[in-house]
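Structures follow.
One chain, chain A, appears in both complexes that follow, with chain B as partner in the first and chain C in the second.
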Partner chain A sequence: MNKPSFIQRIKKSNIKNFILVWLMMLPGLTYLFFNNFLPMYGITIAFKRLDFSLENVLASPYIGFENFEFLFESDAILIYIRNTVLYNAAFIILNIIVPVTLAILFTSIRGKRLKGLYQTMILLPFLMSWVVVTYMAFALFSGENGLFNSWIVANGGSRINFYGERAKAFWPFILVFFNMWKGTGFTFLFYYASVIAISPNLYEAAKLDGASYWQQVKYITLPSIKPIIITMFILGIANIFRTDYGLFYLVTKNSGQLYDVTQTIDMFVFNALKGQGDLVQSSAASVMQSLVGFVLVVSANLVLRKVDSDNALF
Partner chain B sequence: MKPKKPIYNYSGLKNENLGIRVVAHIVMIISVILAIFPFALLISSSLTSTEAIAIYGYGFIPRDFSLSAYEYLFKAWNVIGKAYLITILVTVIGTVLSMLITTLLAFGLAWKKTPGRKIIMVLLVITLLFHGGAVSTYVIYTNVLHVQDTIWGLILPGMLMNAFSVILFMNYFKNTISLDLMEAAQIDGANMFDIYWRIYMPLSLPLIGTLGLISAIGYWNDWNNSLFYISSSAHDLYTIPRVLREMQETVRFIASYPDSGLSGIEIPSASVQMAIAVIGILPILIAYPFFQRFFVAGISIGGVKE
Partner chain C sequence: MKNHIQLVFALMLAVIATFALAGCNEITDTTGTGSQTTETGTDTTSGGIPTTAIDEEGDVVMAFLHAGNIQTSTDKVEAAVSAYVRSKLGFGIEFKLLNVFDQTTVYTNWLVAGEEIDLINVAFSDPSLYINEKRVREISSLITETNTPNLFAELENHGESKVLGVDGKLYGIGTWESYAYTGYSYTIRKDVLEAAGLYGDGEGQYSHLEQITYSDLDRIFTAVRNVMPTTGDGLTVYPCSAIAGTQNYASGLIPFDPMGNNLLPLAVMLMDPVTGEFTEEVVNYYETDEYKEYVEWIGNAFENGYIHPDAAITTDWFSDFFATEQFVGVLLQTEPGIRYEWETATGLDLIQLPLSTSYTYFTAPAISLMIPSKSERPYRTMQFLDLLYSDEYLINLLQYGVEGEEWEFADQEHGLIWEASEGSHANYVIGGFWGDKSIIYQFVNADDDIEAIIAEVELINSERDLLQATAIINRSPASGFIYDTTSQGTRIRNIEANVLSKYFNTLSVGVGSKGTDGTFTGPGSTYAKFIEALTKAKMYLVVEDKQAQYDAWKSEQEG
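So, the complex of A and B:
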């Protein structure tokens, strides 16, 4: 009979495919396990009093939140937290305003080749490594023959050691500039793609109703890209305790004198890992970053659900 | 095929007002200047003689044109060349492996019948929200996986696969590739791997290209993994970014190599340092015009909410 053997064939081929697909997914799943989930377990380190005399350090005894107390006692860590949050707040806001403005303005430019040229140039910094940026910054700020110092001296001033204590006030601006410099090319393209995807019919209809350019922007363009902006905003908030090592560690040359304005939580953790600080403290700080980030993203999403549920992430 | 939302190559938001267009051009030109001037600085400094830098400082135009920095690099090719090789190796292996395991996982998740699919999706999203943290990750990679001072320490941590790419591919597989193809192939007796390799992969080339490019650039520029997992005793595994960084820390870095082919006295000068940086970005600069359009198109695929 044909029917049973057909079904049997289907079942057999299905099982074969299930196994095959699972084997295919295995490398990815294994990687997720080791790279993402196992470190989550490693968070427990922050809650233990590490006893290196034990054969398995991870079996050290639990001591609750004791390791976290320093976070609230030490002044230094408060400064690092302040720096992290303030910089990220500036980044989040600027990384939305600037690229969106550029994207909207960009639509007014005629000429494909010119547009292509602009896009190419603006995207270039994105492809660079922070290490290379460090050299560029050094060429600008070097105490001996940096570009700025050359100008200052040529105009009769005295040299500024940008990497030293006196120059602290410059660095928030320098760091924000380089963050924008490197990132805007990419985010601009991202937003521009969204702006382009808006159906021209909407604009036609609006023009028939007599809408001006600014009205079109306000009532059509901006609302249409709102979902993307909100997503980027939430992602920014979720990462508000995290910073890009390259920017804060390399570009500043890890100059200790500038720590008050440049040191972030990540830097503190990194320096500790490289042997210059307390491993336990850094692990506690690292855990705090993850926990706070998680709480923030879930809260932000809950708030968003109440306000504008279409755009919530989940 | 499901009808796709079209991407227009012009915006309906046309402005006839000359004023706005002028403003737009001015803003763009300023942005471009801001974006480019550091490159000009870097390149010109690498083409200046060291004496000129000491006297006149870094500038946009080489005061005393000289290729001495690059001559020095040629002599030190032992060190630079090895770093270049390692960087290329890591980039190629990393990108290829990354694309493979990402698409394999995404394929499994895109198939409706995969057992356990929903649980895996949840796990995937969790990795987006919650992170083990730098210390924890470091401990795992060193104490459990022992990748320190191996080439895997440069390839595996962090960058091999991320949930974003998996989700992008999964959506692409589900929405852009017709299910009919899979069903037809199954009737022809193809197994899932054949379907993946012979149907889905070729059809996904645009996305593979874009995400692969981003991955490759990430590997090429990465210094994080190097700093974390490669100790100074393993300088055979230094990548270009690491070499650049070490040079900042220790001016005598290159010359202090026992087999560097240089006498210990020749210290890489300022212009040499700039030249190494230029060499580090050269491949990207050269390849850029070729892949730029592709890259821009790819971002459009990812950026538009379907």
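So, the complex of A and C:
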């Protein structure tokens, strides 16, 4: 049987039904186009030698990949890519496990007031600015008057320079902790909303069949919230090459000694632009970041299509 | 529905690809010359002002730098400046306020977005980026075309004021005088030095402007720790004020000519701190024996607890630590005017102990006034700059605010001013403006005896004359040399972004740490990794290139 042509398929699909849908999407798509896609032309900056004296700086001469050379003069870029990917992988995995666990446990809390209190405690860190979190971290780790060092000195020990190279092994855990502590409240809300939307009849039926609490979680709760988990996973993957400025720059105090374990591509781009005002260098790093991120997202989606094609992004 | 979404995304990808590939057919121009906007004509009136200056419209828009706190009367100052300049030149001035810490990104945004701006103040940034990317225009031709006698004379007489491009053309004018000619001093509270028994002319004592070395600093640090271990509030006093970014003792103890516009030293020419003699060999600053000695010394200072434990990462200013008495001595330029400003602000007597003799070298000024290449009023801007040079009222209005509101004369003959009302004193603008420094007023404390102040000011002036005379003798042989970064620019940026950013702060303040076994790991191991990283980044090629260019330039000068 011949496959219908494109025109035939359009005619067949009764496009009138979709016109209203498209009209509804139009403002958003327009915004998306002008804010996200049209400026993509600026990507060409990374391939140019800028000449600001021209009427249009984007008409500067094209010099190929010359601006990318500095990225490969040292192995620093590989370290930054490694840090970016590993941290985000940890964030994605833990940002699913922890909030889901909390959401499930929350359903067991009976007291309304207690529930409200716990919800506030979980959500409050999310509402804090990273600047505040930075000073909280500094209050803990400061070499002079930090809580940990004060305790260590009071017990006869030697001060630890937490922002120094010898303490850099701590920082992956510190950063993951602060990311979890601050971000869990927000993602928890999504999962909790999904969990409470599950029909209670399912649980009642399971109880009648003699299912234990964990069996109910395993066979009812988790499969029911699987779509939202996959959606959040995909969103996390899409941002795998972005990093939070507040976490990686402010909390670490931009300590050079910790760069091996804390510097990411975003931070490198920021430091290059802030410190030197070098637009082309930071543009080249950004392009690199975007390309690698694109490859990762497409790859992740390919894997997801094998596992669960209905929930794949495309 | 899924097909529709796929169609939309396919269309969007096609749009992106079209835009991204749009630049690929452009002619590759590796010379980087691009094209300059050309002037429309240089016909002059009888007053020597070209007709194009008269054709320019609108007020001159200038960047006005602040350090975060915008003075409440800034709009009054703007109005006063605009009215005054309009009465003199026929056009006004508009301020575009800008935080000095945001300037690198904000200037870039302004220039890309085509914001109206005629005069920018490039502070503590490498101006060569602005020159190489044609963000600013050359002003050599404007000087001859706009009848600006003050500018012409200033640049003839004060080479340090110039901002030159590799092509030898002028691109900007420095505001501050080059304090490099005075070097750095360990500037300590006189009362503390006296309490430690180290102030005076006796054996083992130090007097004002007596040059010191590493061993002297060790003595002073130990003595200060003994007489003043804590402040009145129980905070630890740190005799060595080393703080990453603002208090780098290497700069004072290892003087050098940067031979370029880099913010941090790279390939440099060293000077003997005692004799003031420069070598003519370009070296990797960090691989010299002098720097190794410094790393060991500063590491010992850190191990002995003389340096703040968070020195490498604190964002507090050294002036804040001085205010809380945790620092009793700080690193300041050996400039009597700066010392006097500190004494005025703190109410303390300070002693300056230079770490090197005075010297001078040519490089881009720390703060430069430049005209953006897209400025629509370059001629008017030049006229304004020329007026600024010699107009006593204007320059002090910009610097200190409106007379009678912010300040009033303490002694007009000597140019001394004090607060008009309590708490009103502040410099309005960061970096100041260029001009005849002799007409810029000096702030003094309101409570002081004016006769004593005048005597102090005269003493300061004679101190400065002596320092300058010495500095002129110790002038770098590379003065006038401009380093062309075309071949090594990418490498230099990589070294700055990936190597110096990682190691410099740590090494400059000697950060080390004690392990659980009690052993102290100084910056030595960090230093080894730093050198390895510099080698990997091929720093030696930058050194070789600079040496070759310098040798060629030297031959040309001698030939």
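Convention: the second predicted complex is superposed on the first by the 245 of 314 C-alpha atoms of A that agree within 3 Å, B and C clash if a C-alpha of one lies under 4 Å from a C-alpha of the other, contacts with A are read in each partner's own complex, and residues count from 1 in each chain.
Heads up, the rule we're going with is that a contact is a pair of C-beta atoms (placed from the backbone, for glycine too) under 8 Å apart; a residue touches a chain by one contact, two chains touch by 3 or more.
Just so you know, these numbers come straight off a predicted model, no measurement behind them.
Asks: Applying the touch criterion given at the start, work out whether A:125 contacts chain B, chain C, both or neither, answering first, second, both or neither.
Replies: first
Asks: Go through the superposed model and pick first if A:165 touches only chain B, second if only chain C, both, or neither.
Replies: second
Asks: Mind working out whether A:142 is in touch with chain B, chain C, both or neither, as first, second, both or neither?
Replies: In the superposition, A:142 touches chain B and chain C alike.
Asks: Look at A:237 in the shared chain and tell me whether it touches chain B only, chain C only, both, or neither; answer first, second, both or neither.
Replies: In the superposition, A:237 touches no partner, neither chain B nor chain C.
Asks: Considering only the touch criterion stated at the top, classify A:253 as touching first (chain B), second (chain C), both, or neither.
Replies: both
Asks: Which partner does A:18 contact after superposing on A: first (chain B), second (chain C), both, neither?
Replies: Touch status of A:18: both partners.
Asks: Which partner chains sit in contact with A:197 here, chain B, chain C, both or neither? Use first/second/both/neither.
Replies: first
Asks: With the two complexes superposed on chain A, say which partner A:279 touches: chain B (first), chain C (second), both, or neither.
Replies: Both partners, chain B and chain C.
Asks: After superposition on the shared chain, which partner residues are touched by A:43: those of chain B (first), chain C (second), both, or neither?
Replies: It touches chain B and chain C both.
Asks: Using the superposition described at the top, determine whether chain B or chain C touches more residues of chain A.
Replies: B
Asks: If you lay the two complexes on top of each other, which residues of chain A touch chain B in one and chain C in the other?
Replies: 18, 29, 37-38, 40-41, 43, 57, 142, 144, 149, 253, 272-274, 279, 314
Asks: Could you list, by residue number, the parts of chain A that touch chain B in their complex?
Replies: 13-14, 16-18, 20-22, 24-25, 27-29, 31-32, 34-43, 45-46, 57, 101-102, 104-110, 116, 118-125, 127-140, 142, 144-147, 149-150, 181, 184-186, 189-191, 193-204, 213, 216-217, 220-221, 227-228, 238, 245-246, 250, 253, 266, 269-270, 272-274, 279, 282-283, 286-287, 289-290, 293-294, 297-298, 314
Asks: What residues of chain B sit close enough to touch chain A in their complex?
Replies: Touching chain A: residues 5-15, 17, 20-21, 23-25, 27-28, 31-32, 34-36, 38-39, 41-42, 45, 53-54, 56-59, 100-102, 104-105, 107-109, 111, 113-115, 120, 123-125, 127, 129-140, 143-145, 156-158, 160-161, 166, 186, 191-193, 196, 217, 220-224, 227-228, 241, 244-245, 248, 270, 273-274, 277, 280-281, 284, 288-289, 292-293, 295-296, 299-300, 302-305 of chain B.
Asks: Show which residues of chain A lie in contact with chain C when the two form their complex.
Replies: Contacts found on chain A: 9, 18, 29, 33, 37-38, 40-41, 43-44, 47-55, 57-64, 66-67, 69-70, 73-76, 142-144, 149, 157-161, 163-167, 253-257, 259, 263, 268, 271-279, 281, 314.
Asks: Under the stated contact criterion, what part of chain C meets chain A in this complex?
Replies: It is residues 1, 3-6, 8-9, 12, 15-16, 19-20, 22-24, 26-30, 32, 34-37, 104-105, 107-108, 111-112, 125-126, 129, 133-135, 137, 236, 308-310, 312-315, 372-374, 490-491, 493-494, 496-499, 501-506, 511-516, 518, 521, 526, 533, 536-538 of chain C that touch chain A.
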